[in-house]
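Two complexes follow with subunit A in common, the first pairing it with subunit B and the second with subunit C.
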Partner chain A sequence: MNIVDATDRTEKLDEGEAPSLLTIILDTNPHAWALLTESLSLSKAVANLLIFINAHIAINHANRVAVIASHAERAVWLFPAPARPRYESHADGVHSDGEDSEMQDREAANSDTPSQPRDDANKYRPFAHIEHVLLSSLRQLIDTTTTDALSSTPSTMIAGALTLALTYLSKQIQALPSAMTSAQFNYSDATAVAGGNELSADGSRNQPSMDLSSRILILSVSGDLANQYIPIMNSIFACQRLTIPIDILKLAGDTVFLQQAADATGGIYMALDNNSRAGFLQYLMFAYLADQAGREHLIMPGEGEGVDFRAACFCHRRIVDIGFVCSICLSIFCEPLQDNLCLTCGSHLSMGNYGQKPVVVPKRKKKKKRALADGGADTPASERSTPAP
Partner chain B sequence: MADSDHEYSEQGSDDDIPTRNGTGRAGAPRGRAMASRPKGRAQAKWEAAASSNWELHEGADGSIEGVLGGLEEAGKRKRLLKDTTPLQRGIIRHTLLILDLSIAMIEKDLRPTRHLLTINYTVGFIREFFEQNPISQLGILGMRDGIAIRVSDMSGNPNDHINAVKALRGMDPKGSPSLQNALEMARAALYHTPSHGTREVVIVLGALLTSDPGDIHDTIKSCIKDRIRVSIIGLAAQMHICAEICRKTNAGDENSYNVAVDEVDYRELLMSITTPPVVRSTDTEAQRRNQAALLMMGFPSRIVEEKPTLCACHGNLTRGGYLCSRCKAKVCNLPATCPTCDLTLILSTHLARSYHHLFPLRNWVEVSWARARQKGSTQCYGCLAPFPHVPAAEERSEHNGTRAKRAEGASESSRYECETCQNHFCIDCDVFSHEVVHNCPGCQSSAHLPGAEEEANGVEGESDAMAT
Partner chain C sequence: MSDSTLQSWEYLETLPGTQFYRLYRSPASALAIFRKRLSSLAKSFVMMLLYLPRPMPVKQLEMFVKDTSRGEREHALDLLHRYHIFRDVTFNSTKAYSLTQDFARSLRRALTGAADSRSFGQVANVPESTKVTIHDLDEYSRQRWEGILGYMVGSSANPLDTEQTAIQPSSGVIELLKAGHLIELSGTYSRGQAAKITKEGFAFVLQDINTQIWALLFLYVDNAEVFEMDKVDVLSFLFLVSSLELGLAYSTSALDETQQRCLSDLVSFGIVFQPTRNDGSPVDYFYPTRLATTLTSDSGTTLSATNTTIGSSLSASSSGAAKGFIIVETNYRLYAYTSSALQIALLSLFVNLRSRHPNLVAGKMSKASVQRAVQAGITAEQIISYLTAHAHPQMRRHAQAEQAQLQARSTEPGRVVPILPATILDQIHLWQLERDRMTTTAGFLLKDFSNNADYEAPCRYADETGVLVWKNDKKRMFFVNRIEGVRQFMADRKASAQG
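Now for the complex of A and B:
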C-alpha cells in the first residue's frame, strides 16, 4: 500500500492452485531389474507407475509430468519423446540413396509419436497419450540395447538423468511469466530500484517462479554409484539452489548419497525390501503424490529418523567417522598417509599437530607455607608438593 | 579525481612533487617525479566498454530480429567465456571484508545510497560466499571516522554476519576512512589463521582519500610478509595507493583492483570474490611456507532423540543435532568446530561443494550452420526446446560472404556444442549448465563419448606414427 495516497497498485494474482511439474527418473538398469523379476517385474512396475502418473495429472488440470529413463549406458527421454535428428533432404549428394527413408523419417519426426494411439472412447485422452508415448519410447529403448552395452557397466547413468531433468526444469521455470519481479516501482521502499527488483534483491538466491512448483522423483534399483559422485553432488546443489526437492523410492540396492540427496533438498526417502515391494503403488500414492504445498500439511515419512552422513575414504572405500582431508584437492583418507603424499593430487602434505605429545615441564619443588592454626583440623596442611609426573 | 587526461599530464610534468593519490595509473612512470602516462595510452577498461553498440546491422531480410536475439545471447554468454583450465585454488579461505562507512558513502550515485546498496549486496555476498565455500571463514570490519570498527568476528556461520550487517543500516556513515587502520586490524585478525588456508582482505572503498596515522607503506610491507592478499573494489575513481596495495600484495597482478561503473558491475565484482583464488606459482617463498596440510576432520551423523538435551554450542535444549566424532558433544548445525575438543566437523557434502572449482566444466563452442546440418539437430538435448530450422544449402552459399555475424559470442544457429559428447544445446542450457549445475547433460548421459574417443584416437595415432 502506497504511504502517500493509500492506493494499492499490486497486480491481482491468480488465486488458483499452482500447477506442479513432476519429473520421474526411472532406473531401467537391466541387471538390477533381472534380479527383481519375482517380486516386481519391470512391466508391472511401469503399469503401476502409469497409474500414479494418471493420478498426478488428475489432481490439477495444469499439472505436468516428464519421464526420463536412466539406462545402463545412456540416459534418454521417455516423455516428452525427443524428435529424431532431421537431416537435409535436398539433393546435395550426401543422402541421395537414403532419400526415401529420410523422407519417411521426416514425416515420422513431424509428429510426436511414430504412430497414433488407438482411439479408445473410454479412455481420457491425456492419459492415453502419455501411456502411448511412454510405452513406445521404452520399447524402443529396450530394443536398441545391445549386448556389449549391457556388459560394459553394471551401473546406471543416474547423474545424466538428473542433469537432463534439471535443464528441462530450469527451462520450464524460465519460460513462465514470473510473478516475482514486478514492474511497479515502490516509492516507499528505500531499497527499491527503478526498473525491477532484480538489482535490489536482498541477495537471496534466485527465487523460482511462484507459478510452478516442481519436484523430481527417482525410482532406483541400482547399487553403488561411486564413480558418479561428483556429478551427482553438483546436481544436488543445483536442486538446492532452485529449491526442487528430490524424492527417492529405493526398490533395491543401497547407495549412501541418494539418502543425503533427499535430505539436503527436503525430499522423502523410502527404501522397500522384499516384503514391501509388492505394495509399490500404495507407497507411491501415499508418500509421493502430494506436492510441496500439500506436504506442509501432512506428516511425511522419514522425518523422525536420523541420516547417515559419514563419508567414504578414497583409499579403501571404508566409511569413516574421522577422516584426514587434503587441503588442496579435498580428498578424504582414513589414516595418515605413508610418506605424506596425497593419493589424488600428489602434493606433499604436512601433518600439523597430529600425534604430538604434550610437553611436560618438570615441576619445581616448593615449600608450602604452614596453614593457619584455626580450621586446620578440616584441612590438614600438606607440606609435600604435588608429586612429579 | 578521475584519471587526468593527456593535456593535463603534459603540463604537470614540470612539477617534481610526487603525489600519491589521484593522478596517473600505477606502473607507468617515465623517469619523471610525477607518474605521467605515455602518449597513445592503452584504453582504460571502462572506455572500451563504453564504445557504443548502438549501430545494429540489419540482417539479410531487413529485420533486426536476428541481431537482437544475438545480442541477448551474447550477453548471457559473456560471463561464461572465462578460463576454465583446472587450476589449483585455495579452497580453505579466511577472508575479511572491509566496508567503507565514511561520509563518502552517503552519495546517491548508486541507488538509493552507496551505503544502503553496499549493505544489500553484502548480505547477498555472505550467502553466496558460504554457499560456494562452506569450509571457509569470513569476518567483517568497517572504516568509520578514522578508525576501524569490528562489525563481526571471523566465523563460519553466515547468520552471525548477516545479522551484524543488517544492524549497520541504523548506523550513519561518518568521518573519513583509514586504510592503514583497517589493514592493521585485518592483519591482527588473520594472524592466527593456519598456514594451509588463504588469507584475503577485500576492501570496498567509496571515498577518494585515506587518513592514516602513520606510513601506509610499512603496513603494506608487513602485509606482504604475512602473505595477505588484498583486493579493492572502488566505487568512485581509481586511486594510486589502492592500485599499489593490490599490486604489491598480489605479486604484481593488477586485476585485483577494480572500480565499479554501475550497480550491476558492482554486484558482479563483489560476487566474483566468492570464487576461490588461484594459487600462484610465482610466489615460491609463500608456497614453501604455505605447505598443504593434512587436516583431521570429523564427519558426524545426525541423531534424533526422544528427550531434549543441551547442545554444546549454545546451551539450548534441542532434540536433535550432530555428535562430534571424537568427544560426542552435541552441536546444532554444521559446519562447526566442536566447542569441546576443537575438531572441525563437516559433512562430505560441504567438501563436495568446492569440487566444481577444481574440476570445471569445459566451455561449449558455437555451431555453424554447416555443422548443424551435419548433425541434424532439431531440439536442444537438455531441455527439448526446438531450434530454428537450418536454411537450405543453396540459400546458404549465396549469402556466405555477406551474412553478418549475429553478435560476438552468439552462435548463428543458436546451437552450442559440447566437444566431448557432440550434442547441441540451447543458450539457456549453456548458461544453466555452466553456472548452476557444472555438469554437461550429454557427457553424463552416455558412456560412449565421441569427442573423448576422438581425442584418445588422435593421441594413439600420433604415438603410432612416432613409433614406426
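Now for the complex of A and C:
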C-alpha cells in the first residue's frame, strides 16, 4: 500500500510467461534399445516423446525445443535439422570434374527428403514440422549407422551430446534481443553466475522478464559412462553456472553419474523399471513438463532419495568410492601414482607416510599366577613352598 | 490481461456450459484457450490429467503443490472450473477431478493430429509469381489497424495530420465501434456523421495491441447474432485463424458459409489478407497477417515484433530490438523517438508537446495536461501502462540494472523496480486523485456470520484465490468481486460438516 494515496502500487509483472527452451538428449544406443524392445520399443518411445514435445510447445507460443541424439559413436542433431554442407572446398583442382558430378548426386540425394511436411489440415503446423524433421533425421541417423560403429563400443556419446546442447543453449541465450545484455557473464570469475551475481546454489531463482528459461532433459538407457566422467562433470559445472537444470529420466541401465547431474543443477531424476516403463508418457507429462517458473509451485519427485556420489578415477576410469586426490588440481586416482606425478597437472606429489604400518612394540609377557587347580604342571614352580604357619 | 470495462475474456466466461462444449469440439479452439487463458500451474494440471485413465482424487492433486503456493493452486482450479475444463466427480467415494470429455478429446487430438476435424487450416497452392511476402502482409495489417485507431483518435480534439495515407475503416468496422460504445456518432445521416471518441474509446486506444484486437473481436462475436451467425461458430473460426502460420496461403474452399462471411469481415480489420483478382472478386485463398498469428500468444517477445511493425514509425527497423521509444525523465519531461502520427496524437492526449523534430517529439507532462486527459476519461493506470509498454530500452536497462543491484544487496528482495521513475508514477496518481475521490468496485458483500470460524474460513479462501477486496474482522463482513468460488467453498464446507 502506498502511503501517499493508499493505492496498491505493486506493479503486476508481465503476466505473460517467459518463453522456455527445452533441449532433449535422446540416448539412441542401439545395444540398449534392443534389450528394451518388449517393454518399450524405440518407435513407441519416440512417438510418446513427440506428444510430450507438442505439449511443451502448446503451453506457450514462444516455447522452443531442440533434440539431440546420442548415438553409439557420435552425437547428432535431430531438431533443428543440421544444415547440410552444400559444397566442399576443392583442395585438389585436378579432380574437379569428378567431384562436381559427385556433388550433384549428393544434392539430389539431399533433396530426396522433403523439406516440407505433408500439408495436413488436422495437424497444427508447428507440431507437424517438428515431427517431420525429427523423424527424418532419426531415420537418416539409423540408416547411416554402420556395423563397425555398433561393435566399437557398447556405450553412448552422452558427453558429446551434452556439449552440443550447451553450445546451442548459450548461443540462444546470447541471441535474445532483451535489454538485459548489461550483465556480461564473466567466465574467469569463479563465483560468477549468468544473469547477475547472486547466490549460485539456488537454481530456481528466476528473473521475471522475457529471458529464455532453458533446461536439458536426458532420456537415458545405457549405463557404463565411466570413461566419459571428466567431460560429463565439466558439462554439469557449466550448467550450474548458467542455471540450467538437467533432468534425467532413466529408462534402463545403472545410474552412474547422471544422478549427480540432476542433484548438482537442481533437476529431477527418475528411474523407471520394467513395470513402470509403459507409463513413459505419463511420467514425462507429470514431472518434466513444468519449466523453471512452474517448478516453484510444484513439489518435484525424486528429491528424497539419496544421491550416489561416487566418482570415476582419472587413470583407469574405474568407479571408486575411496581414492587418492591430487592436492593441486583435485583429480582422482584409484591407486598410488607411478613416479608420484599427477596425470593432469604434472605436479610432483609425495606419498608421505602412506602405507606405513605403525611400529608395534612387542608386549612384555608377564608372569601370570596360574590357579592351583591347574596342578601347576606347566608353570615353573617356585623353589620354595608356601611357609607353614 | 488487464481487466477493463471493455469486452474482454470475461465475456467468454459468461457463455453457458453447453456452448463451451460445442466450442471445445474443435481442437484449434481447445488449444487456443489452453494456451491463452490458463495460468502455468493450471496448464500443468491439465497436462497431468490428460492421459490419465481415471479421475484424480482431490487430495492427490493438492499433494503435488507446495504449501506456500496454495493461492496459486486455488487460482488455477478456479480458472479450470470457470472454463469448464475440470469437472468434479466422485470416484471411489472420494472427491476427484477429471477433464471434461470434449476438451480432453480435442486437446489430445490437437497434440497428436488425429481425427478429421480440419480445424487447422487447409494450405492452398499458390503460384510463385503471385505470392505475397510477409513484409507486404505486415504493411497491409499496419495500414488497416492504424487506420482504425487513427479514425478513432482523429475524431478527438487533436486532429491527425495524415502524412501517410491512412485507410478509412470500412462501414462495418465503424458500426462495430459504435456498437461497442467506443465512438459516438452524431449528426444526421444525410449530412455526414461526425464520430467522437468516448471514454471507453480512450481506454481502448491506449492499450497494447493484443488486448485491442481481442476487444474488437469480442465485440464482433457479441454482435454476430445480429448478422445471423452463430457465436460459437464465429469463435471457433477465430481460434482457427489464430493457429495458422504467417506467410502461408490457406484455401477458402474448406470453409463453410459462416466462416466465409467472417473472413470478409476479418479482412477489413486487417487480420487476414485476401488479394483480389483483376475483376475485383476475391481469390479463393487468404493469408493470415501477423495480427492473426499472434492472437494466442502472450509473451512479450512475439508481441514486441507486432508492436514494432504496427506502432512505431515507418522508418524504424523492425528487427525487434527497438520496441519502445518513450523516455520519461524525473522532471516530467518526455521524449518520444517516433514520427508516427498516431503515436504523437496519443501522446498529445496527456502531454504538452513542445517541439517536434523529424524523428523525435519532446514535451512536458503537467498537472493541466494530465488532468485534461483524466477529464476526457483516461485513467492514470492507462497512462502509466501505455508509457511502460512503450518505454525505451534504455529505461528498461536502467531499471533492470537497479533491480540487479537491489537483489544483490537483498534489502528488499520482493520489490520490483518500476520502469518509470517513482516520482512520475506517484504524481500521475495524485493528479488523478484530485478529480476522483471515489472508485467503485462491483461485487458481493458477505455478512452476518454466526461465529468467527464460519467467517474466517471463507475469508481466507477468498484471500488466497485473490477475489477478496475488503474485510472487516470486527464486524465479520467481507467483500469479494467474484462469488462463485466462495459460494462453492462454503457449500462444500457445510456439506462436509454435516456429512
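Please note the rule applied: the second predicted complex is superposed on the first by the 234 of 389 C-alpha atoms of A that agree within 3 Å, B and C clash if a C-alpha of one lies under 4 Å from a C-alpha of the other, contacts with A are read in each partner's own complex, and residues count from 1 in each chain.
By definition in this document, a contact is a pair of C-beta atoms (placed from the backbone, for glycine too) under 8 Å apart; a residue touches a chain by one contact, two chains touch by 3 or more.
Worth saying up front: this structure is predicted, and the values here are computed from it rather than measured.
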Which of subunit B and subunit C A:328 touches, first, second, both or neither: first
First (subunit B), second (subunit C), both or neither touched by A:141: neither
Subunit B versus subunit C as contact partner of A:46, first or second or both or neither: neither
Touching partner for A:170 - first (subunit B), second (subunit C), both, neither: first
Partner chain in contact with A:150 - subunit B first, subunit C second, else both or neither: neither
First (subunit B), second (subunit C), both or neither touched by A:315: neither
Greater subunit A contact set [subunit C / subunit B]: B
Which of subunit B and subunit C A:272 touches, first, second, both or neither: neither
Partner chain(s) touched by A:159 [first = subunit B, second = subunit C, both, neither]: first
Which superposed partner A:58 touches (first subunit B, second subunit C, both, neither): second
Sites on subunit C touched by subunit A in the complex: 1, 27-28, 31, 34-35, 40-41, 43-44, 47-48, 50-52, 63-66, 69, 72-73, 107, 109-123, 243-245, 248, 254, 294, 296-304, 319-321, 393, 396-397, 400-401, 404, 407-408, 416, 418, 425-426, 429-430, 433
Residue numbers on subunit B that touch subunit A, as the complex places them: 88, 91-92, 111-112, 116-117, 120-128, 131, 194, 196-197, 263-264, 267, 291-304, 320, 325-326, 343, 347-349, 351-356, 358-359, 373, 375-380, 382-386, 390, 392-394, 425-426, 428-429, 432-433, 436-448
Subunit C partner contacts - residues on subunit A that touch it in the complex: 2, 4-5, 7, 9-11, 13-19, 51, 54-55, 58-62, 119-128, 131, 176-177, 179-180, 182-183, 196-198, 208-210, 281-282, 285-286, 289-291, 293-294, 296-299
Contact set on subunit A toward subunit B in their complex: 72-77, 80, 82-83, 85-88, 90, 92, 109, 149, 152-153, 157, 159-161, 163-164, 166-168, 170-172, 174, 190-194, 199-205, 228-231, 233-238, 241-242, 260, 264, 304-311, 320-330, 332-333, 336-337, 340, 342, 347-352, 354
